[in-house]
Every structure is written in structure tokens, then in C-alpha cells.
Amino acid sequence: MIIVIQCKDQVGLVGSISTILAKHQLNIVSMREHVDKAENIFFVRLQVEDGDDTGLEATLKEVLPEGATISVNPIPHKKVVVLVTKEYHCLADILIRNFFNTLGASVQCVIGNHATLQDICQRFDMPFYHIPHEQPSKAEFEQKLTDVIDQYSPDYLVLAKFMRILSPGFVTKFPMRVINIHHSFLPAFIGANPYRQAFERGVKLIGATAHFVSNELDEGPIIAQQIIPVNHSFTATDMVKAGQEIESSVLANALKLVFEDRVFVYGNKTVVFS
Amino acid sequence: MIIVIQCKDQVGLVGSISTILAKHQLNIVSMREHVDKAENIFFVRLQVEDGDDTGLEATLKEVLPEGATISVNPIPHKKVVVLVTKEYHCLADILIRNFFNTLGASVQCVIGNHATLQDICQRFDMPFYHIPHEQPSKAEFEQKLTDVIDQYSPDYLVLAKFMRILSPGFVTKFPMRVINIHHSFLPAFIGANPYRQAFERGVKLIGATAHFVSNELDEGPIIAQQIIPVNHSFTATDMVKAGQEIESSVLANALKLVFEDRVFVYGNKTVVFS
Amino acid sequence: MIIVIQCKDQVGLVGSISTILAKHQLNIVSMREHVDKAENIFFVRLQVEDGDDTGLEATLKEVLPEGATISVNPIPHKKVVVLVTKEYHCLADILIRNFFNTLGASVQCVIGNHATLQDICQRFDMPFYHIPHEQPSKAEFEQKLTDVIDQYSPDYLVLAKFMRILSPGFVTKFPMRVINIHHSFLPAFIGANPYRQAFERGVKLIGATAHFVSNELDEGPIIAQQIIPVNHSFTATDMVKAGQEIESSVLANALKLVFEDRVFVYGNKTVVFS
Amino acid sequence: MIIVIQCKDQVGLVGSISTILAKHQLNIVSMREHVDKAENIFFVRLQVEDGDDTGLEATLKEVLPEGATISVNPIPHKKVVVLVTKEYHCLADILIRNFFNTLGASVQCVIGNHATLQDICQRFDMPFYHIPHEQPSKAEFEQKLTDVIDQYSPDYLVLAKFMRILSPGFVTKFPMRVINIHHSFLPAFIGANPYRQAFERGVKLIGATAHFVSNELDEGPIIAQQIIPVNHSFTATDMVKAGQEIESSVLANALKLVFEDRVFVYGNKTVVFS
């Protein structure tokens, strides 16, 4: 059983929480705790076993500061919808893990603004919706996305190389529930064509960043980052290929962390108990 | 203030400990906890602030299982003696950090079985003892080492590329208090000339390992490891040079972890709250 | 066009080779060269363009030392047969790349000593042969493997977590054409259960090694290696999972290097022009 | 002997060069070559042995395109002047390597705009000049720097955490001969306080970049970059400390590459034959 709590910090929190757990005969198997001293916020993730969690959340609420976020035994197997454009590498990695039940979540469907990835989805019996972005308006495009998404009530949306910018209105519907893979080492190379930018700049490392989507372009809270060395012999195209190798890896890692309730968001930052 | 505890695991340990801390008005700033389920051992490292630690250790002892190791506010600035042979890179790194007070410990003296590194020590006003290993017997060599070491009552001995194997009798005097840097990615290439072995084997990565010294050659508990890529263009000598770059880095990292009381030893393993 | 040459070293080789290329109006786009001074062997890989390669190999032979290995425009798209047992991650990665034509080779079929991975192969219309290893004798098992393999005349066999040891007789049929992924940082943890060994040893990094198969267990020439950090919180099972993440990555990287004719083997080592 | 050539690309360059070397009985021990197809520039670094280089440069000039840069046996042991402010880690690393003759260059003197690092320099008998930046004008400050530098005719200036921005006029005097260590993963976090910026942004990796200084702030050609992972438990100060560990390492690496004539600059990029 997993328990995650985020609240204002105060003296004695760990004591109060663990006393309550002991009363419920819940044995702490592992515990990760962090206090942001500057912001005065307390974060804890507990893995407990045995015991009885009846009424646990209410009892915890009584001893914790007002406004505490408490999640006892969060949904163990999240539902996700994946949005894609044409690049296959991140989607294929997710489909494989989903197929072999090692994703830690369950993919409900895939939506593509191009039809390119329909075939690979069908091979895994995965529903695929082709919703072209060429619609009378962006609002209509996003309405069609929403219509499909709403059928599945997903816990998270995963943008697996989805190359369209979503409107604030859309993003607001899924606060800190949209996860994107950005093909650069943010905050370097924000926006379009980061590999071309990296090539022009002559960098010696390129990166990839998995982050929650907020309404500032490429500015949401970062979950995970990874880099790969490059050199003068790389063309811009070679950099794209090298980058793809880490994009799927860093996205898979970020998803695992989120699906295991190891990621807390506050302000524009994350606490990650990896 | 730092508190480190290692004991048999049982239900309610975190609750008992944090309740006692709250009674002392000690606020938990950070806490790292681990339970080895297979061995049933509980490890915790707490950083607390404010409050009053009078009688804390005794109070903790009452609620913890028999045999618990409790250290309240361990020596904040350890004393160390460094043993060297001829290679300068690890020693120089330690001397520099010591000189600028960023080592997290205080180097008392350096002992060399060669005189090569006397000059660099003198430049930092660091006492240097030249004790050649060519003595009538190994026992006499080690007795001379012990005579010098005993003058300084160090908390730790650091073997900074000390190329002599110490006898079980010597090591036993400093249980889990001798830290060695081994120039390979243990357990690969145990023993002499690991870089030559690595070269012959044609590996594509070479490593360095910082570990506590036990009485099995290169077999003590590992604290930290690091690697660096190599390729076909590296001669055995090039591998030595590449390895040296990470040897000083991984040793410095391991020392920092040990000096900050972040490393627990049990059996032949470590728990490292990095 | 790719040209790879391996021969005894002597003065003027680069001059002789490049003069001949110039006569054929072949422009050198990129060139990687290495001389193993100890063994006195010269290696070169040239990428050339334009020009005419008629008779090029014969002309080169005339100026190169006796015994030179010359390959002008080696098979651009190798044929491979993949052998598997039960673990899906390396195979799935290969199937995906093969499906999207980014493997740099063409997978002809997959052979499993278990039927576990038949389904994933069928989803990609990939022929799968289930050849159980429980046969009257190892010789009969390997004969059945050979019978299937021979139908496809592959350039390389890829052991993508194939958990049976092949006999010298079998390996000899495919000299330096069998590529294996070993789930450890060779030469540490040779043989069975490397992750269990790594767990017992308490290492802080685990690795994976892609290598050519020779007749010494886990001793063939190494192509590529990679590592991933682990810590005390990892069970042996967690180490297996962490290792799998790099196994597919390091195997994919090694295959790319081999398929692009960037890997030379000599003795028990490789030259890799990555 | 090292030979480095940079010129317009054309067919047959390698052939022409190696034919000339063969005539001089110069045996090619290692050769690294690169063609930037987009810019049509050819780069080569040759290590040759035996033979006779009398008149070699002139002979090469005859066969190479106009404007070729040829350097036969470049200064094997460069002279450098180091500029610092208050932080010790990069300077100390350089002084240690210089003292043990492993820097690949010879440090002539150190100039600090603060006196903080005078002591460490004196311990290594290294001339130290304290030139405060509080001068009537920046021009006067830079004139005083120049006066000292000119005494030593250095091949390179190394900014080892020198926290003043040099004027275009000053930089122009040392074209592509000023090497800086920037404490971020450029182009992220240009300008002041990059660690504070990184902390605010909540990044999961921080970096350091060694680059040639041009007249655009933090925009010169990049030589080497390196990163280190960080997490939510790092304060901005912790990030500074973590960053310092890689700053000295990446600067040392970049200096080694430059001093061994492995770095070519063109436009705002480098070719690095590492």
C-alpha cells in the first residue's frame, strides 16, 4: 500500500503520521520524506504493509495541517491516453511495455494528428483515432481530442512526440496530468527544431526532458532529463537520431516515476523520490 | 544535528523515534530511512534542528530493539590519516580540499612508503612520514605505520593509491575505518595491474571503486563506483591516465559520504543515503 | 560506398590507398584509421562517394600487404536471425527497429527455445520457430537450430537474451558472426545469475556487455558496454529490471555499429569506429 | 610529430598529403580526418614518426588549396596565463597538474582580480598578480592585465572561474586563444547566476561548458561539456558545489584537448579529435 502526503511543514509531522500508522498495524517498508525549507512544504511517500487502512485517510486529516493533500492507496494502475504525430520511437516503447504489462499503467487508446502510427497500434489491438489538426479552428481540433479522451477518463495524457501546441484551455482541463517529452535539454533550445538549434550552436551533449505541461511553452515542471554525447561528425539529422534514443528512455523513466506515485508537483518544480 | 541509527527492524520504529524527537522539540529537516527486508535491519539518518538533545541517546535506547547502534551528533569533523605510495592525483585532491576546508574532515598527516609525495605535502604544511616498506618484516613495517597513526587517533585511514596490501592483523585494528580506492570496476580485475588486465580484455569502459577494506583482497563493502569510456585507441598507459581522472573523483565522493555519516555498513554491503 | 581494410601495417598505406581512390575519382567523405602498434595491424574504414569502383578491390590488393582483408561496398543491408528465450525487451526493441527500417539490417526470423515470444513475433509478421532445448541431445537441438538458420543464410546471429550456451561446434560455424548481450559488466560476474551476484556483492553500478561469441564462456571480443547506477534500495529483482533497460540499448548500439561495418575484430579485441 | 591541416575540401587531399609524408619517410601512426560537407572544409590531424620534416610545410603548401592552415610540429608545450577571481577548484586542479607536469602546458603566472588565491599560488612558487577590477575604467583594468600577460607571451589565456566580462577589444587580441569555463550547460542559463537559474527552473541535471571566448557573452565555440545529476534535495548552494566538481574536470579535459592540438575552430564551432 502506498501513502503520499503533501502539506505545510510543522514540527512533529513524521511522528504524528507514523503513530497513526502504527495504530493501524501498518508497517513502514520504505519511507521517503522531503521538506522544502524555503517554501515550508512537507512531502512524504510511504510504502506500508499488513495492517488495516479503514478510516486511515480521515484520521490522518485530523492531525495534519489544513490543506494537506492525502492519498491512501492511490489508483494502482493508472489509465492513460497517448497522443502522437508521426515519430514512432516513444509510442512503440510505450506499446511494448503496455503489451507486456510493465508500463505500470494501462494505455486506453492512441490519438494521432497523422495516421502514420495507426498500423503499429493495430498490431497491438490498440484503438487508434486519427484526428487531423487541419480543422476549421484549433478549438474544433481540441474539442475532437476531448471527445475521444472523455470516453476513457484517463488519469494521464502522454504526449509521445505530439508535435502540436495545446491551448491553455485544453491544458487547464488536465492540470499536471499531461506529460510531454521535449527533445532538448530544457531550458536550452525551447520551441521548434531544437536539434537544428543544437547543431548550429555546436554543442557536445544533447538532451531530452520529460515534463508536465503547463501553459508556458516548454516551461512546465521537469520530471526527468537525460543526455547523450555528440560531436562534430554529427549532422543535424544524426543528432535527431541520437536524441530519439534517449527520448524514449527518459519518457519511460518519467512515466514509471509518475505511475508509481513518486512525483510531487509544487509551483513549477517536482519532488521525485526515485 | 545528525542522528544515525541502525537496529533490528520492527513495527513502529519511525513513530517511536520521531515521537521522542518531538518531545525534545527537535524538528526533522531531512530523514532517510531504509529497511533491508531480507536481513531485517532498519537504518535511519535524521537531520534535526532547534530543540535540545540532552539525554536523547539514552531515551532512544529505551525504545529501540536491543543491540541498536545510536549515534547522536557524531563527530562533525573527522580526523583522517592518509597513506600513499607514489601517485599524486588522489592525495593532491585531498590536500587541496583539506586546505580549503571542503573535505569535511581534517587530514592529520600523510604516510608514504616512498618519499615521492613529501614535497607536495610540505607545500601544504602537512606532516609527511616516509616509512619504507622494505623492512625486516611486514610486521615491522606495519608496526611503524601504527606508531605514527596512533599519535593522531584518526577516525579513518584513507588509502589514496597506497600500493601495499595490509595484513589482517592491521586491518582488524580499524574495523570499517579504512577506505581504499581500487583502480578498477570491482569485482572485475581484482588484484594487481587492473588496467593491464582491462587492456588485454579489450573493455570499453573502465572503472574505479571506493570501498572499506576488509581482510579479503578487494572484497570489502563498496561505497561508490564510477566509470569512464575507453576505446581501441587507448594503450594500457592511456587507460591508467583515464582511470586516474575518475579515481580521485570517486574517492572524494566516497569520503564526503562517509564524513557526513551517510554510509552504513552491514555484512559486506553498504547503505548510502546520498 | 563503404570500404573497410585490415592488414599488416607498413609505411605509406594511407598514401597508396588514397592514390588509388583518387584514380577512381572516389572522393573520401570520411575516414577512420587505426594502427595497433603492438600487434602491427592497420585498420581503415572509408566512406567515399561519386567515382567508379570497377576493379577497385583487385587494384587495392596489388598495393596492400599479403593477407589484407579488403571489403569494397560490403552488403549494405545484412540479414540476421535472432535467437531468444523468454525475455521480451531486447527482441521487442529489435522487432520495432526492423519494422520501421531503422535497424540497419533485416531480421529473417526468430528462433525461441520457448514459445513465449511467438505472439509478439506474429504481430510483426515475423516467422517464429519454436525449438525446445529439451532434445535427446544438445547436438540434436543445435542441428535443429542450424536447419532453420541455413534456410535464411544470415550474415549474423543475434542472441537477444538466448539463455542456452552454444557448443564450440556450433559457434565455429559462425566465426565472429554471433553477437550476444550479456547481462553484466564483463568481465565481472561471468556465468549464471550475474544480477544475483551483483546484488550479493553490493555494487553501485550494474552493466551490460554486447560481444561476439567465441568458445570461451562470456569471453569473446567486446563491442559495447554500458552501465546504470543502483543502490541499497534495489532488490536483486530491481537490478534485473534496471539492467534490462540498458541491455536493449547496448545491444541496439552494438548492432548498429556492426551493421554499418564499423567494427573490426582481431585477437580477442575490437576496433570500433563509432 | 603532430601535423594539423585545415583547408577547403577537394578530391584527393588525403592522397596528396600522405604521398608527401611517405616521400619524407614519415610513418602515419594515427590520423583523424573530418570533412564538413555543408561548409566544404577539410580537417586532418596526423601523428607521424621517424622520417625527416625538413621543408615539409612548404611542400604541403604546394599541393593544398590556397588559404590552407598548416601546422607542422606545433609548439609541443604551450605557455598559458591563468585568470581567476576567488573560487579555488579550477585553479588548484591546474596548479597540481602543472606541478606534476601532466597539464600538457606550462603555466607562466596567475592573475587574480581578488587576492584570495595568492596563497595557493605561492605554495607552488607560481607568480601571482593581484589586479583589482576596481580601476578608474575597464580599459585601465584590461591594460594592466595586458601589461602582465605581454611579459609572458602566452599561447593561451585560461579563465579559471574569472568572473569579469572582458571587452571586445581585449578578446580580439587573443583570437580563439582565450578558454573559459562556464558554470552551466550552455546555451541554457547564459549570464549571471546560472545555478540560481537552474535551481529556480527545477532542472534534474546541471552542466558545465568549456569554450573559446568570442565577443558574444557565453557564445563562443564549445570545446567540451559535462553534466551531473541533481534533485529536489539540492539547494542552490548544493548545486554550486555539485557543479564545481564537474567544472574543474571539464576544463581540464578541454585544456588537454587544446594543448594536444586536437581542437579546430571554424565559424562558431569546433572539430575535436578526442
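Here the chain labels run A, B, C and D in written order, and each chain numbers its own residues starting at 1.
Criterion: a contact is a pair of C-beta atoms (placed from the backbone, for glycine too) under 8 Å apart; a residue touches a chain by one contact, two chains touch by 3 or more.
Being a predicted model, the structure only gives us computed values, none of them experimental.
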For this session: Compare the two sides of the chain A and chain B interface and say whether they are made mostly of the same residue numbers, over half shared, or of different ones.
Result: same
Exercise. Comparing residue numbers, which of B-D, A-D or A-B shares more than half of the contact pairs of B-C?
Worked result: A-D
Exercise. Any idea how many Å lie between the Cα centroids of chain A and chain D?
Worked result: 40
For this session: Return the distance between the CA-based centres of chain A and chain C, expressed in whole Å.
Result: 35
Exercise. Tell me, which residues of chain D touch at least two other chains?
Worked result: 30, 34, 233
Seminar exercise, completed: Note: in the complex, chain C contacts chain B through residues 34, 36, 185-189, 201-205, 207, 221-227, 231-233, 268-272, 274
Exercise. Considering the complex alone, what residue numbers of chain C touch chain D?
Worked result: 11-15, 18-19, 21-22, 25, 27-35, 37
Exercise. What does chain D use to touch chain B in their complex?
Worked result: 30, 88-89, 92-93, 96, 99-100, 120, 123-124, 233, 245, 249, 252
